[in-house]
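Scroll down for the structure; my scribbles are underneath it.
Chain lettering (A, B and C) follows the sequence in which the chains are written, and residue indices restart at 1 in each chain.
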């Protein structure tokens, strides 16, 4: 996936969104190109709501989302998935009643490449999955579950991957491993990544650009390298 | 308890109660895959019997010609109820308990509306009396043997469809986590309609089998509902395979107890008590495991 | 007393309405307050009816009709109450499926026993020999008096339900009603009181069943059909499950309307009364049940009227 001629993969403008009548996101505007774009913020800042809205599982109340040049603001979730957006939700990222292999196969329903080829790539990325093929996904450990969730989304051959706090609650070993994989996925496969993270330190290591969310508003959008510690603290302060 | 008793129980149980397995599969599809307890499913069964009888008597077709059309009509009606009642109910965020009561109301409406269409007297299929074949020493109508074979074939086909095909995977994924399924590109409306249709076809065909073996009356499906539900609630934990096995065993148990007590109602009573006790025991056990 | 002005149909129509209201009020205790969806209303109704009837007719009472009647009535009520305890305990930890299965299964068992135990119950043919515990002259007068008595009984039931609403525990149930985890977190004492309320409701249903049996002067399994449960549910739901008044209003609205007004005063062709009208009535009941739950789940009285406690709780 090469970078398109400067046109961002994803353009978000004036986005407002929420659920159960509560407006969580207020007027969010940002662009994402073929890069690792990290969304930082404290608990409750709206990271999950943002990603779920982008994935079209939540309908925005105002603003627009443009994906690969097309307006997808009101398009159903399965349509954006078919167009190349992969989504790994925070908690429920696997189908608990299906086996690991079945989980991957669900992801493989979209796209043209052969299933075997894609599975080989996913197993190459997450070697542990090879042994877990027939295990019911609901019985996996936290770290294994995240790998399967990621693998499933990658099976869709996405151009943009939305990861919602993939390392939350995992042991430090898994956390490190995951961030390596994230960098690998972007570099080797050219997949754009939007990474929602609470772990700002690790996220800033892999991110090209960041956006800090604070109470539903975009506090700062800039290159990762330019984000100062003070600015970060400011953003996390409630 | 001799071998004769066992062979009789097995043969009669499977041949007489084969439709129970089929109906249970259909109900289980809806129940496990949409989480919905659809009391009106019993009317899908009844309508399958009525339409089968109607095709049979109006167009002078034999039973096996009308079986599939009856199922298809029932499937379409099932999809109709989804669009007319259950989908709007979900959009209105109706609670689980209210859903059950709504489906109960729908069941009543269907059961009595069909009487305006088909009349009040009990109806019958017009089929020639079947040849009796001896299986394991028990005389069974050739008809019922073919019924078992058909039920087995359909059940296995459904099992294969759900467990091994891509469509089946979509259905199971949607059942497992609807949001995630959508995010994976699965189209929920298409898959859901498919589920409702298949469930309706299974129920309708079961109804046709019930109807041709005895009579076609408005309470045909409702009479079976409790047992279908019991089979699914008890056996459904282990997926479709569990439902099929539990259904078959239930049929055999019913036959055995009827032979033993001489009265089918006692067999039903024993079954109800046994299943409820089993459910209670299972829930107590799971509560204890949670405590640990 | 000259009762010529009183149509026999009006008496039986009013009687049906009152019985349904009584059942709906008790169902309100179970479904509205303790949130147990009792699909086996007719089971408790029936077991009370049959226990009463069998005892009354089969025992050679050494005393008169009235004491025999009271003893049998008490027996019927008690059996229904104990059944309620048993069923309530069985379904206690179960989810909606289990409750459906348990309550519906119970009603089915009662129906089965009424049919199979022919020596006791007369089986499918039914059991006669029931009579009013008094005799005031004509059958119509007897029935009218019975109607009054049952109205009084149902009024007492209403007052009891109304009182339960006013007790601290009743208020707690209303407040936690729809919030299952909250209700569960309240612990064992809550569970026991819920079970008690369920059993009391069942006992009441049994008593009503017995009173119904007396009016019919006949017990038959065909009176133990699912339409009894349906009627109670419709009456309760249409009036709103949250308030005791709901059952009363619902009963009059739907059954009073149909049974009394439509059937008595609209001149349908006679041929329709056999099956077409009862059939249509059931369709209407089903549609009402669906319609109310879909569009006005709090009953047609809507969301306006709530207990003061609810307002305080929800701010």
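Keep this in mind: a contact is a pair of C-beta atoms (placed from the backbone, for glycine too) under 8 Å apart; a residue touches a chain by one contact, two chains touch by 3 or more.
All values reported here derive from a predicted model rather than from experimental measurement.
Asker: Check every other chain and keep only those touching both chain A and chain B; list them.
Answerer: Neighbours common to chain A and chain B are absent.
Asker: Taking CA centroids for every chain, report which one is farthest away from chain C.
Answerer: Centre of mass proxy via C-alpha means gives A as farthest from chain C.
Asker: What chain lies closest to the overall centre, CA atoms only?
Answerer: So the chain nearest the centre of the shown protein is B.
Asker: Tell me, please, which two chains come out on top when C-beta pairs in contact are counted per chain pair.
Answerer: After counting contacts between each pair of chains, the winner is B-C.
Asker: Taking the mean of the CA coordinates per chain, how far is chain A from chain B in Å?
Answerer: From the centre of chain A to the centre of chain B is 42 Å.
Asker: What's the distance between the Cα centroids of chain B and chain C, rounded to whole Å?
Answerer: 31
Asker: Taking each chain's centre as its mean C-alpha position, how far apart are chain A and chain C in Å?
Answerer: 56
Asker: State the interface residues of chain B toward chain C in the complex, per the touch definition above.
Answerer: Within the complex, chain B touches chain C at residues 37, 85, 88-89, 92, 94-98, 100-102, 104-109, 111-113, 115-116, 120, 222, 226, 229-230, 233, 263, 265-266, 268-269, 272-273, 275-276, 279-280, 283-284, 287.
Asker: In their shared complex, at which residues does chain B touch chain A?
Answerer: 166, 169-170, 172-173, 175-177, 179-188
Asker: If you look only at chain C, which of its residues touch chain B in the complex?
Answerer: Residues of chain C touching chain B: 35, 37, 39, 90, 93-94, 96-98, 100-102, 104-105, 108-109, 112-113, 115-116, 178, 226-227, 230, 233-234, 237, 275-276, 279-280, 282-283, 285-290, 293-295, 297.
Asker: For the complex, give me every residue of chain A touching chain B.
Answerer: 55-57, 76-78, 81-82, 87, 89, 92-98, 102, 105-107, 109-110, 152-153, 156
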